[in-house]
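I am attaching a structure below and will ask some questions about it afterwards.
Order of writing sets the labels: A, B, C and D. Residues in every chain begin at 1.
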Amino acid sequence: MRRRTERLQSALGILPIVVFVALWEAVGRLGLFAGQLLFPPFSAVMAEFYHLTANGVLGENFLSSLTRVLIGLFSGSVAGIAVGVVMGWKDVANKALGPIISLLFPIPALGWLPLLMLWIGINEMLPITIIFICSFFPVVYNTATGIRNVDRRFIQAAETLGASNIRILFRVIIPLALPNIFTGLRLEAGMSWRVLIAAEMVAIPTGIGALLMKAESLVRVDIILVCLIVLSIMCLLFEKGFALAERRMVGKWSNHA
Amino acid sequence: MPEIRLLKVSKHICRDVDLTIRDGEVFVVVGTTGAGKTTLLNVIAGVTDYKGKVLIDGVDVNGVPPQKRGVGYLFQGLALFPHLTTASNIAFGLHARGHNKRAVNDRVLTLMEMMRITHLSGRYPHMLSGGEKKRVALARSLAPSPNILLLDEPTSSLDHQTSKYLRSELLFLLKKLAVTTVYVTHDLREAEEIADRIAVMSKGKVEQVSTPRNLFFDPRNRSVAEFIGMPNIIECTGSRVLASGLVEVESGDLRILLPYDGNNLAKIAIHPEDIYLSDVRDPGPALNRFTGRVDEIIHQGATVRVKVSVDKMMLLTEMTQDAFEEIAIEQGKEVNVVIKMRRLRYVEA
Amino acid sequence: MPEIRLLKVSKHICRDVDLTIRDGEVFVVVGTTGAGKTTLLNVIAGVTDYKGKVLIDGVDVNGVPPQKRGVGYLFQGLALFPHLTTASNIAFGLHARGHNKRAVNDRVLTLMEMMRITHLSGRYPHMLSGGEKKRVALARSLAPSPNILLLDEPTSSLDHQTSKYLRSELLFLLKKLAVTTVYVTHDLREAEEIADRIAVMSKGKVEQVSTPRNLFFDPRNRSVAEFIGMPNIIECTGSRVLASGLVEVESGDLRILLPYDGNNLAKIAIHPEDIYLSDVRDPGPALNRFTGRVDEIIHQGATVRVKVSVDKMMLLTEMTQDAFEEIAIEQGKEVNVVIKMRRLRYVEA
Amino acid sequence: MRRRTERLQSALGILPIVVFVALWEAVGRLGLFAGQLLFPPFSAVMAEFYHLTANGVLGENFLSSLTRVLIGLFSGSVAGIAVGVVMGWKDVANKALGPIISLLFPIPALGWLPLLMLWIGINEMLPITIIFICSFFPVVYNTATGIRNVDRRFIQAAETLGASNIRILFRVIIPLALPNIFTGLRLEAGMSWRVLIAAEMVAIPTGIGALLMKAESLVRVDIILVCLIVLSIMCLLFEKGFALAERRMVGKWSNHA
């Protein structure tokens, strides 16, 4: 009895999406809005999705975007965590680097693009560097905050128990800062995709962003929509992925501490 | 089980503290929040910098880092590592000192059995109750076999009964281990129960060091008297045992029933908070209930002190501001006065 | 001051509750958390949907929204609007009912004076103490002059003394206003003190409705007996007044001192939590202290019940799991048993 | 004594920034990195700042960017709050719109750009619509969450006190949801600038973003840096502005409730 009600409710839950898709299909087919060329029906978009996948265009562009995000995000995060740990741990480092970082932090990652186009030139390093910058600053900030917010009591307890400073850093401080570090990573996971497509739209000839601009110039709304679907799925996946990793690594003890 | 000496120690609020803690004694430091009690423990443990000197068994340990002072420290709030299980928390200090895995496991097991927490071995701190956490933290601080044990409010945030039991267990444990113990608490009753000697701290100064009994009937100054709560010291004109463990004390026309075993009494101390006032007559039995008159009402922040006279005797009472506002009493008016039967502080005749 | 009837009311855990609350009485609903007490208040107030019928003064109010039921409701947790000051909180119901500004101000002032909170007029709830919040919430619920007052745990989360004083003030107020009051609490002692009649709820059912006295010595079933805490009912073979307000009760070889004014006693009830066990002899006076033997240890979630026999009499005791783990007691072994002197429940001879 | 120490410390606090600027100046003047053209000294950037301000180029582009942000952010927020309130208040609206919004929410705001270029064309409506979208979804989400999280007890209390549903909505529910609503607004305040310059870089011929791209094509790093300074100041100002408004409106009672 209860099961059935639940099933019925979850069926009702996707009803709005079904209606949405049906409306899309209808408006597209009837050419009610902007004409069928500018507003292709859902089925046409799906067909194009299949077509782009089959001929490898989507896969190729997707892979180059994915590679850039992975390399940029990974290197930016590692560097960010390292600098953040040092800043959080050593007050001198914080005093020296803190003001400069809070000066550079608010510059929109994309604002660096024209500068980097001139400094680096238009090549694979460009999008990777942009993503590096986009992930580096928030991760530094969150890591340093996390490290600094570790309760001094835990450090003192470890000291009286005889632990060396290095042991305290790796066994106490960093583990306890993980929830904060993950906050930074989770934020950047989705953001890096957003910044990447912007960079690809402006300056890079390959990747999902470039495909979007190419589709625009060819007036192929169906391809644009396929790209958007892929993008929103990747943004979601990356954010959920980090959330999952966080739950795995700190879920057992965090949020209760 | 060494002797600890502090010479002209200054840190935060603490100014020029001199103190000698004797080899093997349970030395209790009492005082209100912010009196500098925890700072003193931090100085002895070496987890903070300070001015002055700390000697352990006559040896200056000023340059010695906390890792090498041989001190076990039960922190206020415990500071159990939230990301480690019970067993890993206890093992932390042993691993840090480079013991091999087998020796660590044996020692952790022994400690968990001693503290009766073996069944909690795999749990994280957030899965433990208040009393369980205390025992884990105690086991952790005892693991590296320290010579000195620093306990910061070890029974705080436990329910009354658990805290009472933990206290008697602690007392037993401390006597067995024979470590020198510095025990910090804000609770005077607790201090009296467990202390060999008590130090009263106030605003970073040690005001008095004495045995528990002396503190009560012979406070050295106003600040100590304030801390022990300005007890009403009542001279007894007679006393009569009513039943085993119960005595009726006479003072002028007043007769007060109190729990007590033993000889005749010369003086008793009654705490201002142990005297209830009320504007209506409670339905309960008239045990130690009198009628008095309000002489003076003194507001002191969150508490209110009311002086009442009962049969020519002046009694000081104290209650929270909240409680005060629930009753309608005014200067010069009559009130019902109830003296609660609590454990007695006394001087025998 | 109307009569309230519930007919076959069902909602959440509550199933087919029938209840009649008499015009002008203080009707107390007791029960453990999750027994359905708050649900019952929500049904009477009409802030939730439900099956069954609610009659107020014989009139079916099922279709009537909460806005028009003439009910004042002191919510558990108070639900004071955090974004409004004391005065605006109290005025909320008056503005909502369209009174003009002047009338609202007058009524708010009157209420604040009555509740002695005039000085808190401009403060936001987060700036108030627990007792002050209670009084503001009470003033707010009384502002639209309701005929029925619903009070959900009005003394919860106050310190002991404040809660005691608030209770006696409430009792006075309720008698003065002569509204019909439904008072929910989990605290049996509080219920006894304030109730005309008590209803015991358990798992959504009303198990018994009776006067406070009858509940104790005549629980209708196991579930009520469990709720009132399985008191040890002791038949008295004799009793002797020791002093004003203090009586020594005899039962077999046992002599127990208890606070009590009045005639001879036939039966007394002692609560399992009012009996302390310990493995070491406390330093305090031997008041109501006996030696017993542990017969049985029963673990029940967070509490532990221990049956001990003292002089052929069997006593049920109860403590928290935490407290239990601090003492080392085993079946068949001796223990120290202390019966706390608490307010007495009794049947006179 | 204390005052002096404090002053000394705040003087030490800006020391890293002074060093940073000095280094920048030195590296720029000596042409150590990328040449003086690609890495102009600080003084050259400041001179260009003055020059661009004096000849009105900066002001003109800045004003058109600012206008777009203000209009887009305002309309997006107002629409977002309205839809969010309805979704939070009426469960039917939430059930119907919720799934569609959570489908569209993860699409990067910039992803809409190629689509909107085709649908709307390249005109003033384009950046405004992008900013509208960028602020609409998060504000809807936070507002609906805020409204739904208002403790039912407050609503029940207002009911027993005789308040009508409309009165409850405007006097109890919306005020109590304000902290959550502001969270959405604050997030978007900075984000809207980031999205705007991306849009201007890709498709719009005026505004700070367009100026950035123009500077890039002219290899005028000094102009790029001027634009970045202006941008980072605006991002900060908008975020702080909303934080201030929040403190003004809910600071008296919030965070303590």
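Note that contacts are C-beta pairs under 8 Å (C-beta built on N, C-alpha and C of every residue); 3 or more make two chains touch, one makes a residue touch a chain.
For clarity, every value in this text was computed on a predicted model and none was experimentally measured.
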Approximate Å spacing (C-alpha centroids) for the pair chain A, chain C: 54
Whole-Å gap separating chain B and chain C, where each centre is the average of the chain's CA atoms: 32
Whole-Å gap separating chain A and chain D, where each centre is the average of the chain's CA atoms: 19
Junction residues of chain B - those touching two or more other chains: none
Multi-chain contact residues (two or more partners), chain D: none
Chain contact topology (line, ring, star, complete or other): ring
Pairs of chains found to touch, sorted by chain label: A-B, A-D, B-C, C-D
Interfacial residue positions of chain A with respect to chain B in the complex: 151, 153-154, 156-164, 167, 171-172, 175-176, 250, 252-254, 256-257
Parts of chain C lying in touch with chain B, wherever the complex brings them together: 116, 129-132, 135, 158-159, 161-162, 165-166, 168-169, 172, 193, 242-246, 248, 255, 257, 259-262, 276, 278, 280, 282-289, 319-323, 325-327, 341, 343-344
Partner chain A, residues of chain B touching it in the complex: 42, 45-47, 65-69, 71-73, 75, 77, 79, 81-84, 92-93, 96-97, 124-127, 140-141, 143-144
Footprint of chain A on chain D - complex, ascending: 12-14, 16-17, 20, 34, 38, 95-100, 103, 106-115, 117-119, 190, 193-194, 197-198, 201-202, 212-213, 215-216, 219, 221, 224-225, 227-228, 231-233, 235-236
